Amino acid sequence: MKNTTTTVAPMRGGIYEFGASLLRGAGQVMFQNNVWTGLLFLAGIFWGAYEQGTGLVAWGALLGLVAATLTGRLLGLPASDGAQGLWGFNGILVGCAFPTFLGSTAGMWLALVFCAALTTWVRTAFNNVMAPWRVNSLTFPFVFCTWCFLLAARAMHGMPPAHMATPELPAAVTALGRLPFGDLVEGWLKGLSQVFLIDSWVTGLFFLLGLLVADRKAALWAAIGSAAALLGAWAFGAERSAIATGLYGFSPVLTAIALATVFHRPTLRSSLWALLGIAATLFIQAGMNSLTAPLGIATLTAPFCVATWLFLLPRLQFDEQPKPDHSDWNGRQA
Amino acid sequence: MKNTTTTVAPMRGGIYEFGASLLRGAGQVMFQNNVWTGLLFLAGIFWGAYEQGTGLVAWGALLGLVAATLTGRLLGLPASDGAQGLWGFNGILVGCAFPTFLGSTAGMWLALVFCAALTTWVRTAFNNVMAPWRVNSLTFPFVFCTWCFLLAARAMHGMPPAHMATPELPAAVTALGRLPFGDLVEGWLKGLSQVFLIDSWVTGLFFLLGLLVADRKAALWAAIGSAAALLGAWAFGAERSAIATGLYGFSPVLTAIALATVFHRPTLRSSLWALLGIAATLFIQAGMNSLTAPLGIATLTAPFCVATWLFLLPRLQFDEQPKPDHSDWNGRQA
Amino acid sequence: MKNTTTTVAPMRGGIYEFGASLLRGAGQVMFQNNVWTGLLFLAGIFWGAYEQGTGLVAWGALLGLVAATLTGRLLGLPASDGAQGLWGFNGILVGCAFPTFLGSTAGMWLALVFCAALTTWVRTAFNNVMAPWRVNSLTFPFVFCTWCFLLAARAMHGMPPAHMATPELPAAVTALGRLPFGDLVEGWLKGLSQVFLIDSWVTGLFFLLGLLVADRKAALWAAIGSAAALLGAWAFGAERSAIATGLYGFSPVLTAIALATVFHRPTLRSSLWALLGIAATLFIQAGMNSLTAPLGIATLTAPFCVATWLFLLPRLQFDEQPKPDHSDWNGRQA
């Protein structure tokens, strides 16, 4: 399904191509250039959002995906990026984040569309900046733009920070509650669902299935990433409720897929490297939780981005063979 | 008046050349390499500072301008930069900021001179860093150095943070007061005056006139930038007093001039791009207000810098013709 | 002792070579590729740590040094870096910082080893990023990684922030106590000892001696850097207790050595430049004290890194001769 001549051909504006571009955009959040993955991800988002009683999150995701993808076409950015879903993956995350954290006002929806559109050219901007080191901006356009708007929401009555954490100075964890085994298992699957800011283990299963249809190794490493981070967070005494809701898992899931399957060919050495990357992501996640506490904003997927960059920039070579064929992520994105 | 052989010729240390270099430095804050613009800007600063009862701000501006410009000469930096006023524009802003936020002590004035001088080589440093992407550091040397000293003022009794905001965790805007039409008009002109941290609509008129004598399109876009940002801030329910004092306008004014007249030739498409840039600057301004609240420092012109970079780095081409002849800003600053 | 053929030859895994690599690593914190310097530095650390009643800091330093140096070998990074001690200098600082700020739990020691190891490839990552501008990441890998873990400690019960400052919004210095002359002299020597987070003037003497055996000019400039920063902090009314414990001195010490002896040949002009660098470091230190207050983390040596970059990036030339022969720091570190 990936990298066939059809998918890389320039988009001609047909409704089918546009739909495929959208679905691939959903899939690319976890590096999968695959329409069925995207469809299962969207299904998982809708299931989880309605299960949580926050159906607007799913519609926001769809709106952000469409806005970001259309923007790439309107700006005349390289069509091959659009065909591979690389215009939309930041936008769908913006669309998940806005209704999750902000009240549903006209201003919020307008800002969602603008912010999602913004990510498309901010991605081009960031990729241009990073091109000399052959690293990708990953989901950082989503993180950067959404941080701006979440912070702005506190200064703008028409876009109220209804569901955001109260800003407070970071305080140490002083006591740990119990964490039953069932919660651990749910937290493991929620580590996947929280990639799209969804708190539902069923959604996690949808996402795992979506990865499976595209790349079994990606599914495996997503599962490993969430499990390893959960165990690490548990061992180091992180807040139990955050573990149970998957908040220590979503960034390591992405780091694991990136380091083990996208940017290196899977070998024993690259697998160990990916495990170290998961561990680093865990501590960066904990650190960023403290860093952003005074601002009352979520870390989003910043820990994944930072950790992955720190593990790619040394340019360690683990085998002689070329990298896996994720041409869309391997340095041609300028 | 711009880019004649005389102005680009190496400075020979004459008093006339030095005076011209200073005036152009004032003008370059809004991208105008023009002595009359600089003269009108300085006149506006003096008028506004004394109208506000803070005459020291104007003298600080003059001192910072002189210190930064002399520094360029002492360090032997490329003389053509000095002749175009590119040594002084960060320094004059430092000179406006210090007496605005800090108490008038001997330490403050010493620090002002040092900080203004620092901006001259920090500009070289930042421009060197950004050269690979052919973007300019804009007013960020002023922002970065001034932030350092404003933060330092809280730790240094000899440079007291007398007029700085009290650090506080960001709180949401919960109620909006009335904003009479007259205040909106004043706020529109104050959007211009606040570029130099002056709260005076008369100063805004001086600045508009200063732009008019150099480049009518720059004047038009400054007016559009302030108006559009003011309306946007009003529509999204930003704090009314901040709107009325032009605090949502000054960064969009600079973004508008930069995107519509300096870095792109004015066309329909680049005008739409500039409008998007104004909108982005507005949200970044609101976001940075929350970001800097716990530190009790002003955003200065950082929102302008960030937004302009985000809109230049994708390197979108809007027409086939070369860029406007702002050679001083178009990538030769390394 | 420096740069002989022997030291640059690839490490062959012998115990002697490994020990030399460790000692040079200790010395490289102050840019000295010299085993005797490293030995005296380690002696000073052990003396000071036990004098303070925090002997674990010294054992942490040793552990961090070993972990970081071994990591370079395990990853197969260029052996010449290891032979010159460039793998270990960040790790030894991590090892000093962890027991200084965190409670001694199993989790803390595990995290120390991981963080120290991390600095070795983060240094490669940062040096790769900075290579186009021919600047070095200096001690920033230590700063960045340690910040992550110190922030993480507030979110992790198993790695308690036992000795960290309480997060608080920055408040202005409102009154200054007395500062007896004897405290000034001690503070001057503690400016050196605090480079390794040790609060002991005896350790400062050890460090001065360590510099003397390697490079008299480095010792001179370390002494000048600490003295000048102390006087500046005193004149600008910085907090007296911070001055007396050397907390305004350690970053300027490093800036002074770097600018006056490592990256420029000592001349009158480069000496003036180094003095300006010391002054800038002082204000950046004061500013970062306010910046990090809401997070309750120390600035570590970040002010040194930032100031040194700002003074190297303009690439001013002070004489026609080549740079001093610190080949390990002069841009070949990519």
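Chains here go by letter, A, B and C, matching the order in which they are written, and residues are numbered from 1 within each.
In the analysis below, contacts are C-beta pairs under 8 Å (C-beta built on N, C-alpha and C of every residue); 3 or more make two chains touch, one makes a residue touch a chain.
What you are looking at is a predicted structure, and each value in this text was computed from that prediction instead of being measured.
*Asks:* Could you work out the angle of the rotation that brings the CA atoms of subunit B onto the matching CA atoms of subunit C, rounded to the nearest 5 degrees?
*Replies:* 120
*Asks:* Quick one: compare the interface residues of subunit A with those of subunit B and tell me same or different, with half as the dividing line.
*Replies:* Shared-number fraction below one half, so different.
*Asks:* Could you work out how far the Cα centre of subunit A sits from that of subunit B, in whole Å?
*Replies:* That gives a centre separation of 36 Å.
*Asks:* Give the residues of subunit C touching no fewer than two other chains, as numbers and ranges.
*Replies:* 132, 169, 294
*Asks:* So in the complex, the part of subunit C that touches subunit A is made up of which residues?
*Replies:* Those in contact with subunit A are residues 75-76, 107, 111, 114-115, 118, 121-122, 124-126, 128-129, 132, 147-161, 167-169, 294-296.
*Asks:* If you look only at subunit A, which of its residues touch subunit C in the complex?
*Replies:* 132-133, 169-176, 233, 235-239, 279-280, 283-284, 286-291, 294, 309-316
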